[in-house]
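Below you'll find the structure I mean.
Order of writing sets the chain letters: A, B and C. Residues in each chain are counted from 1.
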């Protein structure tokens, strides 16, 4: 088997393991994504819990199989919870995903927190091209929380971020995942142009990466979550080309993914960094 | 008429009354459930308002026909609002429902608040089997906010909680409602195995119990709300077996329930406690 | 061309401009509306960002093309963000929309904040008939956040509010928009009786007005956003008469509106104030 086929086998195993273990995933996320990310995790096979207060953060992270931290609409209490949970995750070897929504000079409060959270070594950092490029030290003209850059143009820049995390994932028309373990970039194709028209899909993807991290290695987890989304997005678009119906169909396929569909539709390439 | 048929008549009356009165229901709920619970209440015939700050809690509870308190993702401000609103509800004889999401030793902050709120005598306490069992004093291995127990196995334990509330409701494959008034347990069947795959359905059910409490007795209200959900879930699953479409159909049937459907599909049994 | 046809031409131009510019719209909104309003803005062509903390409010409003402030479920931090962002919007000539959800004596905390925010001269004030009537100084028996009055009966009262804003918009079976520029009232017909059964549609409409304000005059923006909703609601109801499916279809038509549909279905009348 070539390296790509091996990866796809690992994705199938990870998906199967997710269904078996139904891992508890703590999500500290934003007000836009809370419901949607919980529904995506449930549909995908995980058990989400949006515990985001500082008074329960430590004890809850301790019993969680993975943690997802998203900086979309932080409150002071959530910020405290993020620090406590990230620190606890590092201490207890619990995998955790950092999604630095809106990272950049305009949104300084959250960006300072992201910088601080890096010390707790996230397992995976995921974001759109603008966020990852800025986090990698480049100056980017941002436009709120949507990307102004193309993922294919910035993934080379992200290599420096591998000093903080096992994987760096960049969403876009194609997704690119930098893996420290493989010393390579994995390109994941699929999805639909409608996907960025549904809010919080990126945030939900971050939570799904965390769920997969509970059952496999960071590299396989990140590729598996992106492939899960890419196939669901592609099949949903074949079924429905209008945004409301697409979103319903997307959730259908997040839930009904299976090994056959993964084998048939996974579209990944391994590139050099 | 036997006792079951009489109960079903009362459910029909309660549903009709809900449509007529469209009661104002204050919900202090979590970030995952806020939108979904509001949509369920609107579709079911009630008028929801998610007023959850401590500065308006007292005056708003005073004008509300019922109150729903849910501990899913509490903030400090919501915690203060819960205390004020629960106290106000008790003082003004406004029925109120307590949903102790995640109750247990891992989530101590909220659990302490639940213990405190019990002094204001909730009209109904509702939760999943793990939450109710723990609240009844048993040691349960919890897994976040999802249940690890079966409702059929724990409802006997819940009897001690009737010292705090008129009804105790336990969600599961079958729902069990302990009624102080009837000195009995009512088993409600229906729904679908897909229902727990949609987040916040339990939270929305708690809000719907509160809505029914505004128009009928606590016992009928609790049975009516569970029957409303059980029929909608059953009919939705007959129409759609994928999670996205099921959820759309579920909302359709929450809205289009009527006396004929209740008569035809209500599936309840009266058991001894 | 008569005045109505000219207005419809302007609506088409505004819609086209919205697709071209995809303006960044900052929304400080409630927990019920956050996801829904973001999805409506994305589907309509804008780029939403729910930045609602006081630490990033000033810098973010500075780069935003428009701002939407909604008082649905305020927190202390959001209240601070509202003040800062409204003040910043006024200073930087950024159009902003005020949605005084629940305005009235029962909800004093938010109502005091609304009174304070008026000093920063919102571009548009929008609400339901009860809210606008109360804001205009009338005593109204409120029922939570739903209206107890008919928009057709109160729009005359709203004239006094034009000292604070360029437009006053009142939602209802028909919508009425008072324009300072035109010194007239524009009635917008359409929608469906199911629309008030979907939570947060009013909140999302407020955000959409803000989005249009980024690309055209306040008067055209307010009429365009209401027409956008009215046509989507009307066509959605022709396609689906049940609440869950209606909501899916509504989002479909928010996204698939186009100049032909606007020309064919826009139903507006110009009245004297």
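Following the convention adopted for this analysis, contacts are C-beta pairs under 8 Å (C-beta built on N, C-alpha and C of every residue); 3 or more make two chains touch, one makes a residue touch a chain.
Every value quoted in this text rests on a predicted model; they were computed, and no experiment measured them.
The two sequence copies chain B and chain C touch through a face in which the numbers common to both fall below half of the numbers used overall. Fitting chain A to chain B on CA positions gives a rotation angle of 120°, reported to the nearest 5.
Our note on geometry: chain B versus chain C, Cα centroid distance of 33 Å, whole angstroms.
Shared interface positions of chain B, i.e. residues touching 2 or more other chains, are given as 31, 34-35, 75, 247-248. Chain C makes touch with chain B in their complex at residues 30-36, 72-76, 102, 106-110, 142-146, 196-200, 242-245, 247-248.
Taken in their complex, chain A has these residues touching chain B: 24, 26, 31, 34-35, 38-39, 42-43, 47-53, 55-56, 59-60, 62-64, 75, 77, 247-252, 254-256.
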